[in-house]
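Okay, got some structures for you below.
In the two complexes that follow, subunit A is the common piece, with subunit B as its partner first and subunit C second.
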Partner chain A sequence: MSPATRLWLVRAAWIGSTIATGAAVVWSAGFITDPEANRGLVVIAAIALGVVGVALLFKGMDFLVDRLPARYQEAVRPWVFVGPAVFILGIYLVYPAINTTVLSFKGRNSQEWVGLQNFTDIFTDHDSLISLRNSLLWVIIVPLFAVGIGLAFATLADKLGRRAEATAKSIIFMPMAISMVGAAIVWLFVYSFRPPGFGSQIGVLNGLWTGLGNNPVAWLLQEPWNNLYLMIILIWLETGFAMVILSAAIKAVPEEIIEAARIDGANDWQIFWRVTFPTIASTVVVVATTIVITVWKVFDIVFVMTGGNFGTSVVAQRMVTEFFTFRNAGHGAAFAVILFVAVIPVMAINVRQFRIQEERR
Partner chain B sequence: MAGVVFEDVTKEYPNGFKAVKNLDLDIRDGEFLVMVGPSGCGKSTTLRMIAGLEEVSAGKIKIGDRVVNDVHPKDRDIAMVFQNYALYPHMTVADNIGFALKLAKRPKTEIRDRVLDAAKLLDLTEQLDKKPAQLSGGQRQRVAMGRAIVRTPQVFLLDEPLSNLDAKLRVQMRAEITHLQRKVGVTTFYVTHDQIEAMTMADRVAVINFGVLQQVAPPQELFDRPDNIFVAAFIGSPSMNLLEGTLIDEDGSISVRLSPSASIGASEKMFAGRDVLKSYVGKQVVVGLRPKDLKDAALSTQFPQSQRFRGEIFNVEALGYERMVYVALDATRVVPDEVLVADGDVLTSDEGTIVTARFDSKSSVKIGQTAEVAVDMDNAHFFDPSTGLAIRD
Partner chain C sequence: MTAEAVVLPRRRRGLIRRSLDRWPVKLAVAIIAVIWLVPTIGLFLTSFRPEPDIQSTGWWTVLGHLWKPSTWTFHNYSVVLFKQGFSNAFLNTLAVTIPATVIPISVAAFAAYAFAWMKFRGRQVLFVVVVGLMVIPLQMALIPILRLYTSGGHLFGITIIPNMNLNGTFPAVWLAHTGFGLPLAIYLLRNYIGGLPSSLFESARIDGATHFQIFTKLVVPLSVPVLASFAIFQFLWVWNDYLIALIFLGAEPRVQVITQAIALLVGDRGEQFHLLTAAAFVSMVLPITVFFSLQRFFVRGLTAGSVKG
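Take a look at the complex of A and B:
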């Protein structure tokens, strides 16, 4: 075979396979949007389409970059890989954020401009103020307890034997694997209440409470304590997270430093507060801020447990209610903006601490 | 100040490993004692037992007159310098040095004065406000020293404090630490695997191996009169040539036969202080020859023919003030299993064992030549091959 023939064959193969792949992509795009198609096959086709599509996208763009003048190639190439992600984030994150901000200055149907009216409404309305107050309480109490308990567990677990430590840590970490809705449903049973005469108490708490000879209590109706009862669920979820990260940080504190402190005359309490804690302080900040962000966004727990009633509403849940229950896009967007603004400084601290930590390594 | 006494101390780990076995050791008041041995020999464990960081399994440790087996580290009145310095990363140099005083609730002004004194002594006054991460290795080392001396403890414990420094700084810090110790006069227990550190710094050196104390003696005595093969091989650089031999008596003249083709005649003084060696005539011995006692026969003409051997020169290292010469000798080298001397790699060639000799720098031997080597048998060492102990009265 002459080199020329071979070249033609290679080209033909390239063109052929490109057409075939293109046809397959077009066909499967039609197939997965067909409501009559077998669901299982649609899932498989969708996964294949996604994977092949992404591969083709990168391959194709890389191919195009290779055709550029040499001096531009290396400058453009990173964008082939970063570009799609930036583009998708732009569409699904930046654009909605901007649009939400715009909507927060418009009326309930997003028709007319209302200036700061939505914000004025929120900061003067009794129920809205309660949800703001609740969110602030959540943001203070949950991280405080989650980090505090997590740190205590991490420190104490460090003193256990290897086996016992692993077991204890797995148990404490396990709630992390549960979704917030799942956790909320678990805790619905903990707090469950039936008025006397409507069957036996199936709630753990009321079981214990009545077992001690008391009358059953509707825990989730006890304002303002019901807020605390809801917070306990998130503390239960986040303590494991805090513990695992802090435990890793504690283990990274060199043994020699602790021994040096012991010889310098420090007792266990002083070793913890003057040596271990300052050494892991930046990790504590990162963990705390990460939890703060989660707490600001908490919605599911409140939604499932009380629906935001009985004085338990929080900002994120309030936002959803305004949008979808009250159909007031202006108020909903304004809540979203408040949430957004509240999270930004925390995020900034978090990123900064993370960087400091990285530099130390 | 106080001395430290070990009375029959044993350290056994839960897995049954005995790190230190029946240790009897007396560190005198104000003495600088260096414990040296290969890694894993139990020297750090010994130090950590004085510090209270390891429990004593059996026996007694006394600091001064007080048995400290069950005393908490902070109540032992000791200060320790760690291999990696163990400085508190979040504290300034001043806070690092003053931490112990702060914990002891000393008045602020007193802490400041004492930290300043220590910093002056260690040339750290400019660094007091810096964090450890901003310091060089040598400065960190000095901060660690400062943290120890500021407390004016009964005993200093130093655990391989120089092993993280580069060679030049190590030599400098060696001198600084020795000087400092003589100045403050605190009883010091220093652990190292580096026999040069041990030899240059110590009042007395304790050689330990496999958890068993081998010998305690001032450096020169350790070098001149090693108690056993291990000490002989471990102390001295380059290390002693240890060879299998048999003492034979041919018509009244005694010599050491190393192999059918090589034997070296005994000298008059060889038996001085070891009459018992005569009883080994006809028996096997281990002969130890320091490199310094193997000389270029062309330059050292005072040695009789019987105390010479000829061998091919395997390698010559010119060090300026002397020449390290590696000579082939038809003999069998003795390597105690436990000797892990870094610079004592066993060299062999087809011509036999390679022995190390230190020739004068005037020597003109060349690689590949066959040269005549004179052996100063006055200084030869003899060991019993079955016990490994030195043969002397």
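Take a look at the complex of A and C:
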């Protein structure tokens, strides 16, 4: 068998196996989209499709690029690598952003153009303004406390022994692994309320409160403080994220600088503010902006705990309610645009941060 | 201050101060940790209590009669796990979560490599745009994608994407999670992959390796920490997602995921408080296990990029 024949055989085998795998992928795709199928099999087929399908996609595209004339190959190949990502982002983020913006200038059923009517509606409606105010408070208070407590905890835990530190950090991080819905249940047992005479309290907070001789309080009905009680839930969730990343940043501060400051007579407080904090400042910014974006999009906590009633609505939750409960696409889209526009300054900070990093490289 | 410095040698002074510092530090850490732990402990203890007890007394009262057998029951767990279609929801969640974690990581890794080590026109601009997309609110994308799934894509009256009838299927949810997770994934992975030593790539190129070979043989093995760390992020996020599943998969019992099953229990919590607690705890077990087992990876990989700058 000549080398040329063998090469062709290899190619034929390669193409054959590609077609077979492709057929398997198509079959499993049909199978997975069938909601009646056995769940266990779907899981296996899903994993196969996810892993094999993606590998095949990239390998196949690379194979095609190799068949191109040599002078085009280097120009086309990068797009094979970024292409799928750009395609998916285009469909799932860029297209919806444009589409929603268009919808926000249309009426309730997206039929007629209404100009800025949806926005004027929102900015003149009392309830909408309350949700805007609430969102603003969330975005200020939650990141402040989450980053503040996370930073303090990371700094303090750094001074403990290794095992104590690991345990303490795990406890703070644990809420991260809990869904917002799960968190809402956890907190129902904190905020639960029963009027006097309707049995003993089953919420921790009222248990403590009545134990001190007070009357029970309906925490989640108390405007405007109920907003703060809901924020505490997200602070509880996000502090772990801030703490873990800041802790790693603190550990990366060179030991020599801290030792030098100590020899110069600086106390722990001064070392933290003059040495540690400036060194990790960029990480603090990254963590804070990440949490700001998360908070701005908060939906689940409010939706499950109060449904946005009792003056606790926020923009993201209003958006979902407008669209899916009130069936008003125009208002829903307008709320979405407000969310997006308000986040642009945060995006600008992120992009600037990235450029600075690139220049230092 | 100076007088003290004369009396004590520096190192000794530091030792004394540190041992004095220890107690307040330990106390502060312990207080914060306890505050953080109390809500979860409450849920955990409640999930093992009989229904009438849950409704009549606070969970902390069990501390008074810890060893009485009637204090505890497994009934809540058995009902949730075997009668409420919860195991089905558990499998559905796996079928959603695993591909929705694998696909974005693979796609993002290829893109991150290209952004870091391949030269092409518009590379910088495209990357800035991708990072910028990180902040598009998820809620903003839901409505148009739902329409895309049910009636195809139309922009200014022109059909650009045909109707794919994807709504209510697993791929619909995978692709949505992929789209929403990609910007952060590309950002994190590019930071890490871009930080690998350039000499490595030069010598590989000289040896005649193609980009595809460099990626699969060099970049992927070297990036295992960051890949693992993002995998945990994405896993936790998808596992805990409620909104995307509700909208793209629907609320039918056959396809519903764990968060939906729990949310349904919350809906009629008047009678079902006891099931709720067990359900919530079951849904937490897997993510917490994943997190604890991969915790080290996670911290190391994630910070490799962000701390350097």
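Convention: the second predicted complex is superposed on the first by the 301 of 361 C-alpha atoms of A that agree within 3 Å, B and C clash if a C-alpha of one lies under 4 Å from a C-alpha of the other, contacts with A are read in each partner's own complex, and residues count from 1 in each chain.
Just so it is clear, a residue touches a chain if its C-beta (ideal position, glycine included) is under 8 Å from a C-beta of that chain, and two chains touch if they have at least 3 such contacts.
The structure displayed is predicted, hence computed values, not measured ones.
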Exercise. Of the two partner chains, subunit B (first) and subunit C (second), which one does A:Val275 touch, if any: first, second, both, or neither?
Worked result: first
Problem set entry | Which partner, subunit B or subunit C, touches more subunit A residues | C
Exercise. Of the partners subunit B and subunit C, which touch A:Gly265 in the superposed model: first, second, both, neither?
Worked result: both
Problem set entry | First (subunit B), second (subunit C), both or neither touched by A:Ala248 | second
Exercise. Just subunit B (first), just subunit C (second), both, or neither: which does A:Tyr95 touch?
Worked result: second
Problem set entry | Contacts of A:Gly182 with subunit B and subunit C, given as first, second, both or neither | second
Exercise. Where on subunit A do the contacts from subunit B and from subunit C line up?
Worked result: 262-263, 265
For this session: Within their complex, state which residues of subunit A touch subunit B.
Result: 254, 256-257, 259-267, 270, 274-275, 278-279, 281
Exercise. Which residues of subunit C touch subunit A in the complex?
Worked result: 1, 5, 10, 14, 18, 21-22, 25-26, 28-30, 32-33, 36-40, 42-43, 46, 54-60, 88, 91-92, 94-95, 98-99, 102-103, 106-108, 110-111, 113-115, 118-120, 123-124, 126, 128, 130-145, 147-148, 153, 155-156, 161, 166, 168-171, 174-176, 178-180, 182-183, 186, 191, 194, 210-212, 215, 236, 239-243, 247, 252, 254-255, 259, 262-263, 266, 269, 276-277, 280, 283-284, 287-288, 290-292, 295, 298-300, 302-303, 306-309
Seminar exercise, completed: Per the touch rule, the subunit A residues reaching subunit C in their complex are 29, 32-33, 35-36, 39-40, 42-43, 46-47, 49-51, 53-55, 58-59, 62, 75, 77-79, 81-82, 84-86, 88-89, 91-100, 102-103, 149, 152-153, 156-157, 159-160, 164, 168, 170-182, 184-190, 199-204, 207, 236, 239, 244-245, 247-249, 252, 262-263, 265, 268, 280, 282-283, 286, 293, 296-297, 299-300, 304, 316, 319-320, 323-324, 329, 332-333, 336-337, 339-340, 343-344, 346-347, 350-351, 353-358, 360-361
Exercise. Tell me, which parts of subunit B touch subunit A in their complex?
Worked result: 51-53, 73-74, 78-80, 82-84, 86-91, 99-100, 103-104, 147
